[in-house]
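There are two complexes below, and they share chain A, which is joined by chain B in the first and by chain C in the second.
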Partner chain A sequence: MKTGRAQIAWRKFKKNRASFVGGGILVIVILMALFAPVIAPEGRIEIDLTSTKLPPGPDHLFGTDSLGRDVAAYIIWGARTSLMVAATALLLEILLAVAVGAIAGYYRGIVDDILMRITDVILVLPTIVLLVVIVSMFKVRSLFLIAAAMAITSWPWMARVVRSDFLSLREQPFVEAARSLGASDFAIVARHILPNALSSIIVLGTIDIAWFILYQATLTFLGLGDPVAVSWGSLISRGRNYLGVAWWISTFPGLAIFIVTLACNLLGDGLRDAFDVKTRV
Partner chain B sequence: MSRQECDLKTTHLLDVRELKTYFYTIEGTVRAVDGVDLYVDRGETFGLVGESACGKSTVALSIPRLIQTPGRIVGGEISFDGEDILRKSPQEMEKIRGRKISMVFQNPMSSLNPIFTIGEQIGEAIRLHQDIPRSEVNDRVAKILEKVEIPDPRNRMKDYPHEYSGGMRQRAMIAMAISCNPLLLIADEPTTSLDVTIQAQILELMKSLKQELNTSIMLITHDLGLVAELCDRVAVMYAGRIAECSDVKTVFKHAMHPYTRALMKATPTLRTKIEEFYTIRGFVPELINPPQGCRFHPRCEYATDICAKEEPPKAEAGEGHTVSCWHANEVEKSQ
Partner chain C sequence: MGLAAYITKRILLVVPTFFVATVIIFLLIHVAPGDPIQLMFAESGHPVSPLIVQQVRTRLGLDQPLHVQYLIWIGKMLTGDLGVSYSAQFGRPVLSLITERIWLTVGIMVTAEALSIVFALALGVVAAARQYSVIDNLCSVSALLGYSMPTFWIGLVLIMVFSVWLGLLPTFGVMTYGVEFPPIQRVIDIATHLILPVLVISFSYTAYLFRMVRSNMLEVLRQDYITTARAKGVKERMVIYKHALRNTLLPTVTLVGLSVGFILSGAVVVETVFSIPGLGSLFIELALKRDYPALMGLSLVITIMVLLANLCTDIAYSLIDPRIRY
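Showing the complex of A and B:
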């Protein structure tokens, strides 16, 4: 049987129970988000003033909120928003981070200096403050704006890692060998360096998804989210006023955030160990 | 950069003249290659020998212009197959590398990309220069692997580098280097990191490939045995310069440079007793501040006053035999 790096990583990953569970939870959440209309018919998240603040029971597993919407259904639909925004933010973050990190690490010199000073400027500002400033500059707050803002505030971390990977990978003999065979700079970066740097990008990305879900909920909680979107943050925010009489409105979406964030972190840890050549099976 | 118009009338495949490659470091300018002349003819195997850190590899990397910052080619001419290498654009160089000039490096263990199969990597080398449909690439790869004597190439091309032994990886590297039938193959210490039996196999392979493909080979090594075995002509390099250059027989029988002689004396044979091992005293000088005059004089048994003051000119000592030493005649007589 052929054992490539991917297979070795998979074997190591399976041995790590915690990250396996984390990955499993994420898969379930993603499936839930995908099949939301099947699991929780849209009617359940419509306003129904005849059944507000009902406690958890057989009819409403997690109870209903102040407007009579089913909390469980709302969480399932909220997962769609959370994951979509987090995925968009991650994609943008990776694009930015890889572009900047690759150019800085591969070409070094003055280009590197300029790009790294730019990342430094963003790194020294508290992320959440920067996020609030960027988002509050816009009157219409779409989900894409929130995703873009999160990507803009988060890419420097990943760019730093990509750069350091590139700095060491560019000195590898196989890069010189590729160059001696006539490979162009672009081919060297795309075919030889980037694939070798992919593991750190994946690991960081998994952990960043958790941050994006948290930031997104935080922004919504602060009233800076998309006001019409069905999201975990907005539900927590609404339940805040009823914590004494209807604890379930805030608690269950909070729990959802907690579980998904934890799952992402567990998965990230497991992936990091799995890709690490130094930890043997 | 001021260079004279390159003389393209040369009949040699590769003609390097007055090549200077410097490295600009914080400690100072390292003159790794400081005025090197050499040529390689078509179908010829040319050896470049010298101790570690004498600039051999820098010469090797300068020819296909693979020198990276802080290094730079600051002077001289490189004419290859009638073309002026130093005047080519980076894009033109990419077309020459791998297709006309290719290289085999010292460390086969890390010269292959760990995350692609051997077949994918050789296929990439082929597709960089030849327009071959994807479906035929695998056939070509298998053929080339067969040429470098990898058993069961159809299956072994699906292996990752870590599944190959050191010798097999070097074969795979050679396969990549010859995949486009280059005119010149630069082999930079191709057997240094391999054990002795594998070395012999790789040597045999290079010999047979040379005959089959009629490729010129530039062999960079510190092993005089390899040179005797494989090369037609040889240049001995010391501290960034060529000390002596000639055909292999002449160098081994009538060496006229003290450094060449010392190198040969330092090569142990089966009959050498341990207490008789000859070593050249001292070290290769730092190339930031090379010694005045002849660079070898601090370590030379024949050195006199003039050696410390003036640099010896390159002298014609016989047909195709050049030597840079004030006392060349003395050295020759003394053997």
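Showing the complex of A and C:
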């Protein structure tokens, strides 16, 4: 049954050219991030006060910033930071969401009520506001802290979707069969229900990567990111003071964020249609 | 259930949500590492004796157990005492800081919201009525692009183009300071300052709303009663604007209420980009200074704003669609 569903999904997914493009862009960006030292030697993102604010040209494809760093190279290294932080946040989010969603959907009753009330409240509060409150509590803001904060503010949505999957899956005959064979709760959840809820997690996770990239850039721009990390957000905010004389400093990293976010949204939309997942509960 | 009974029930349901929210805000700020008192004195840069630290701690009630502190805090909040900001620049009652700035933010939000609803509805309905036409594809692609752009970056690009290059609009603030204007010109002055911020917020929000309106409308157009109306020979225009649009409005109202948080997040970012002295930029200033009492008070006010908006949505929904009350 599992392969059957995956095959149907793949067949539908192949027809959607836009999501293919999205997936392709993401693969390229991931490769770029992995091979950053090869494509853009580290020397190009070191401070060089002899070549500040140079316009785009053959030597510096996207120009240089106010400290003489090559904008193109900085963007390639920034991709590393963005993807690493987004991946960490995603992993933490999935752990939280699956734990809460599984417990609420499988055991139901009062536990479910309490957990869902908490998700309600977090969903009501504006994400940026919650993120800023959490992050501002720390004097030293590491990339891990930012990833953790993004996971804490984003898990409720996924938890609700996982919960609703669990609510319907727990009534399925194959779960009944596993239970009558004496399988433990943990085995039923981990081996029988969770694999069937995976498609929702994949779809929501893909779209959340886009949000994580946007949020971390926004936090950095607001002055609440990791100040020493090589990131797209920090380059944009540095260029903010030179909009008139060096437009390229802010423009290109913003384009990078835009393209990666767009790619995630395209891929997420395609996966959603292919798996036929409801992202709204 | 009558309308009055329904509204009472909705209001009562907001109360527990409000209290859970206050507990979350309180805990977030109190379980964070670092001693707020040390921090407060560190800001001033002078050495302070441990005795004074202890006195201040007692005066602020920070030596009490956590649940007592929460009860004291929430009691004060409910009587309108949001505490005193302790960061150097403000040092004033939090409530007066907020009331001074709230109208600007609310004004920007309401304008952006109204603009977005009009555009999203008009474009969403037209796009859905002619699915896969040129106009539908154009709108859908633009919405996807708009949805994927970082808000603060759109702001910077617009400042660059309209203010720096073309010199048409001011770069920051709400008005030109230090110049006396007659009232009418002052209004125009403020309006030109706020065009870009409002546009930036409504741009990404319109993109988001458009996608929802379009998919809701498509869903309605697939219903049997639409087929019936068409089979009866009702003109297509009537089918779209009378039968389909009305039913699309229902889920859209809910959506608008639920996405007040979206607009508020936009306001926080955009006010910072354009240096507008509203609640959003206040929030970021307080966060950067780690001014806990003020930050807690402001977070609470933001929570109340969102909850009120949700409540109004529910009530509006029950007025439009009487079925919901039963």
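Annotations for the structure displayed:
Heads up, the rule we're going with is that the second predicted complex is superposed on the first by the 272 of 281 C-alpha atoms of A that agree within 3 Å, B and C clash if a C-alpha of one lies under 4 Å from a C-alpha of the other, contacts with A are read in each partner's own complex, and residues count from 1 in each chain.
Basically, a residue touches a chain if its C-beta (ideal position, glycine included) is under 8 Å from a C-beta of that chain, and two chains touch if they have at least 3 such contacts.
Being a predicted model, the structure only gives us computed values, none of them experimental.
When both complexes are superposed on chain A, chain B and chain C fit side by side without a clash.
Rounded to the nearest 10, the angle at the Cα centre of chain A between the centres of chain B and chain C is 100 degrees. Judged by the touch definition given at the top, the superposed model places A:Arg179 against chain B, while chain C stays out of reach. Set side by side, chain B and chain C differ in how many residues of chain A they touch, and the one touching more is C. In the superposition on chain A, A:Pro126 makes contact with chain C only, not with chain B. With chain A used as the common frame, the shortest Cα distance separating chain B from chain C works out to 18 Å. Across the interface of their complex, chain A is touched by residues 16-17, 20-21, 24-25, 28-29, 32-34, 144-145, 147-153, 156-157, 159-160, 164-165, 261-262, 264-265, 268-269, 272, 283-284, 287-288, 290, 295, 299, 302-303, 306-307, 310 of chain C.
Interface of chain A with chain B (complex): residues 2-5, 108-109, 172-174, 176-184, 187, 191-192, 195-196. Taken in their complex, chain A has these residues touching chain C: 117-118, 120-122, 124-130, 132-139, 210, 214, 217-218, 221-224, 236, 239-240, 243-244, 247, 250-251, 254, 257-258, 261-262, 265-266. Of all residues in chain B, those touching chain A in their complex are 64, 66, 69, 91, 94-99, 102-103, 105, 107, 110-117, 124-125, 128-129, 158-160, 163, 173, 176-177.
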